[in-house]
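Structures for review follow.
Next come two complexes built around chain A: one with chain B, the other with chain C.
Entry: the complex of A and B
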């Protein structure tokens, strides 16, 4: 009953707000939405507390597993934890919105609550087609939230790109579901998994399994922003209202990773290789980090850093071992808190200065010390500052994948962590430590290809608050504190949860038999010398990246192009090419998407 | 990206995707075979529970949660249309939009037929919703008929009458209430005999779908007809 209530409560309140919101006073709308988000957070926390001890499974409408029809909701510990993350982030985003939006209709709150309900349903559902339905609901609400300030052409453009690219991915997912359904006659994840057990025993499982896995994963990988499906993300994040970005970056993108992981382990383990996911994830980790450090628009910068971090999460999932998965879980929870806090800090800047371009904000952050502290500590957390969840994630995942022989993961994760953290650290140095801007036209350097992104952001809020109210500061501080504390979670339960997740038979037993397997996995141990050393190296590199970035920005008019070193010219050309690649043309994005499907297929097929 | 590059990239990707999909479909059971595991189970259980209409049983009983999700997608789409199109409208109106509209000059025959068909179509919609538990039809289909029926008035050339017939805020509220009713019914009646619950669920769905369609069409009508500073002369779609 708790699982149904987790989904039904926000839906009912959303419908209530949509029906009566225009007649309710604004505080009543805010209190209702906040109370609902808090109640859902409590319900998911309760589920999380009970999940390791009692099976949390509900067959909706009383259609038990024996009937072969019907839809189960099942919460294993990792799923329950993810739902809890989604609810907590929603609570923070709603609290921040209270004073952030001076004029907003109840429709916004209704959409946020529907978003929360769809995320919880997607996480809990044990049915392949039902997952698709709620995945689509999540997308529709997300498109609406992205385009909320539809008076701006850029917003409509970003939301439209988001909508088209996500819908293309969703169609492919549906096609993949149809293939699996055609072969097995089942829609339940656990039932399909049992049906396919032993398929791979006699040689190759066949083209249908490969095609189904690739197609289903495409939609999820679009959401998870794997390269080359990532193009929508920065456009959407740049234009979506900032509290919504907290949900997008903190949990929606990660739900794509969850979709891949859940589908793989419940249905396909051993039938298909995950190297395609690893390759696209690693590409996202690198490309996201590079694009991140090239940005001055803080929301875009954070969006690209999310692409990079989601890429690391995908690699962690693709390693295919429970140990790597437990590291990924640490990383995901830590990232949700830290990235959420950073977006809220960006929202505070946007609220006060009507811009999030770091160059325009030079030195203007001094009057916002708490926000500055959030950005500084958030940046250090991105670099793996102990005891943050990202530190624990790096440490555990690195150890696990090294055992698997993936030597390249450590340099990859150190580089991605250092560059993304360095970019945020640079923002902190410029905005909070820099000298206020002297209006010297030569100082900002020549216009770059991405200069149009640096234009003034349309205000999300007509009125500027004289000082930041605590309801806007507290959510950021709370999220950051949570992200920092994640690394202190004991390793035993996390490893057990990951082991349970990564066991097809345990999942099938939970959903179909209501029987809870008690795994005894070796506890995940983040506090290793290698992990601490990796964290120290990443932190040092991040400081170096930030310092180099600040020096480059502070340089007065650069030397004439002829006098520049060939290396600098090459870097400039590469930068231009990268910006051209992210053109904002939806036709380009669709072309990349189809090419990405072909690459996924090539890498997944066993020749 | 240059158009030629884009087309080349897309062609290469599409060829790969097509090869993948073709390879996948070759692994499906042969067409026209006698193996229908899910259909067999679904029909069997629908008959066991005594639902007269198997489609209703699948929609509202066995997979009611899917239907709930689809309902909510429609609700979100309608809310989104209202939210996204509203701002633009107010801006244009503030900008001094001039629009005048009255009954269009259509032939009397069309006007009379439109007005005559309206009650008939509405009745058909109600029948399709109400009888969906017994016969082909149901909330979705009937809701679409209901939602589109009142636009016969527009076809009959009377946009002002259509506007009077569909006060947008009322439909917004009704839609949300119907969605909430569907959730409550689905929760409260879970596991109960389908004979009693299917008509009620159908009604909730019918109301919601009808309202959502009216909202969506209404918003797009406003965009097309009212949000225009200087209507181009001689536009046949413009009610003059």
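Entry: the complex of A and C
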């Protein structure tokens, strides 16, 4: 009953709010939405507490496993934890919106609650087609939320790009689901897994299974923003209302990673290689970090850092071992808290100064000390400050993938962490430690043409609040504290949960037979010397990146382009090329998506 | 079972994709997205097809073992759900296109200012 209630309650309240919201006073709408989110958080926490001890499985409508067409909702410990993260982030985002928006319609709250319901349902569902439906519901609500302030041209443009690219991916996923159904005659993940177990014994799984895996993964990888499917993400994050960005970056993108992991381990383990996912994830980690450090628009900067971190999550999943998966789980939970807090801090800046361009905000953060502390600690957490979840995740994943011989993971993870953290740290140095801008006539803007655009955000909140109310500060502080505390979770249960997740037979037994397997995996151990050393190196590099960024910005403008060193010219040209690639043209994005599917297929095929 | 329906499905999806890649108009892009989705309808229905089978309606005759083969009702249910999803997505994206036209005065994605600053 708990699982159905988790999904049904927010949908019902959303429908009520959408119907009656116009006549309700604003506080009533806020309280209703907050209470619902709190109730869902409590329900998911209850599920999480029960999941390791009793099987949490429901067959909807009384159509049990024997009927062949029943749809199960199942919560293994890892899925339950992810749903709990989604609910907690929603609660924080709603609390922040209370004072953040001076004028907002109840339909916003209704959309957020629908978003929460579809995320929980996507996590719990044990049926491929059901997963597609909730995936699409989640996406459609996300498009509507992105384009919520539809009076802004950039907003609708970003939402439209997001919508078209994401829907294309989802239709390819559906085609893959159809292929799997054609082969097995089943839609339940566990049932398909059991059906295909026999296929694995014969060695080659056949082109149809490979094609199905590639197509299903495409939609999820679009959501997870793997390169070259990532283009929509920065466009959508830069224009979506800030509380919505918390949900997008903190958990929606990660649900794409979850989709890949769940589909692989329940259906395809041993049948297809995951190296394609590792390659696209590593590419995302690098490109996201590079694009991140090139940004001044704080929300866009955080969006690119999400691409980078989601890439690392994909690499952790693609390692294909339960130990790496437990590291990925730490990383995901830590990232959700920290990134949520950073977006809320960016929202506080936007609320106060109507801009999130770090160059305009130079030195103006001094009056917001708590927000400054959140940004500083958040940046250090991105670099793996112990005991944050990102530190634990890096440490555990690194140990696990080194056993597989993936020596390149350590430099990749350290570089991605250092560059993204350095970019955020630079923002902190400029906004909270920099001297307020003197307005010289020659200093009005950066030399690159067109850089002035997007400087002035449309006001999400027409009235500027005199000081930040505690309901806007507290969610950020709470999320940051949670992200920091994740690394302190005991390694034993996390490793057990990952082992249960990464076992096709255990999942099938849980869903189809209602039998909970109790794995005895070696506990994940974050506090290793190698992990601490990696964290120290990342932190040092992050400080160096930030210092270099500030110095470069502070240096007087080069006299003439011709006087620049050849290296600087080459870097400038490369930077311009990268910016041009992210053109905002939906046709380009679709072309890149097609190319990505081809790369995915080539790397997944066993020759 | 012929491969023609599967090839058709693939062709329709590729045609829609080609339309989006080369689009000069956002409404055209949204319609091409629907075309891509139509490919999935054809694919789903092709998978459920059995030659010589009738529709899975049992009001006037007994179920399969006695009443002859029927096509797979599960994929038909999936197709219906898919159509509902498609209608939602298309409606929302067209509404956003209308907003783009209102605010920017153009529907050509090439003429829109890039979002990357």
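Just so it is clear, the second predicted complex is superposed on the first by the 595 of 607 C-alpha atoms of A that agree within 3 Å, B and C clash if a C-alpha of one lies under 4 Å from a C-alpha of the other, contacts with A are read in each partner's own complex, and residues count from 1 in each chain.
Keep in mind that, in the parts below, contacts are C-beta pairs under 8 Å (C-beta built on N, C-alpha and C of every residue); 3 or more make two chains touch, one makes a residue touch a chain.
All values reported here derive from a predicted model rather than from experimental measurement.
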item: Chain B versus chain C as contact partner of A:570, first or second or both or neither; value: neither
item: Which superposed partner A:18 touches (first chain B, second chain C, both, neither); value: first
item: Comparison of chain B and chain C by chain A residues contacted; value: B
item: Which superposed partner A:167 touches (first chain B, second chain C, both, neither); value: second
item: Chain B versus chain C as contact partner of A:157, first or second or both or neither; value: second
item: Contacts of A:594 with chain B and chain C, given as first, second, both or neither; value: both
item: A:42 touches, of chain B and chain C: first, second, both or neither?; value: neither
item: Partner chain(s) touched by A:238 [first = chain B, second = chain C, both, neither]; value: second
item: First, second, both or neither for A:136, with chain B first and chain C second; value: both
item: First (chain B), second (chain C), both or neither touched by A:544; value: neither
item: Overlap of chain C and chain B interfaces on chain A (superposed complexes); value: 69, 129, 133, 136, 140, 143-144, 147, 150-151, 172, 175, 179, 181-182, 187, 583, 585, 587-588, 590-591, 594
item: Chain C-touching residues of chain A, taken from the complex the two chains share; value: 69, 129, 133, 136, 139-140, 143-144, 147, 150-154, 156-161, 163-164, 167-168, 171-172, 174-175, 178-179, 181-182, 187, 234-235, 238-239, 295-297, 300, 450-451, 453-455, 579, 582-588, 590-591, 594
item: Of all residues in chain A, those that touch chain B in their complex; value: 4, 8, 11-12, 14-20, 22, 60-63, 67-71, 105, 107-108, 110-111, 114, 117-118, 121, 125, 129-130, 133-134, 136-137, 140-141, 143-144, 147-151, 172, 175, 179, 181-187, 206-212, 214-215, 580-581, 583, 585, 587-588, 590-599, 601-602
item: Sites on chain C touched by chain A in the complex; value: 9, 13, 17, 20-23, 26, 29-30, 33, 36-37, 39-40, 43-44, 47, 74-75, 78, 81-82, 85, 88-89, 92-93, 96-97, 99-100, 103-104, 109-110, 112-117
item: Complex contacts: residues of chain B adjacent to chain A; value: 1, 6-7, 9-10, 12-17, 19-21, 23-29, 35-38, 41-42, 45, 58, 61-66, 68-70, 72-73, 75-77, 79-80, 82-85, 87-88, 91, 169, 172-177, 179-180, 183-184, 186-187, 190-191
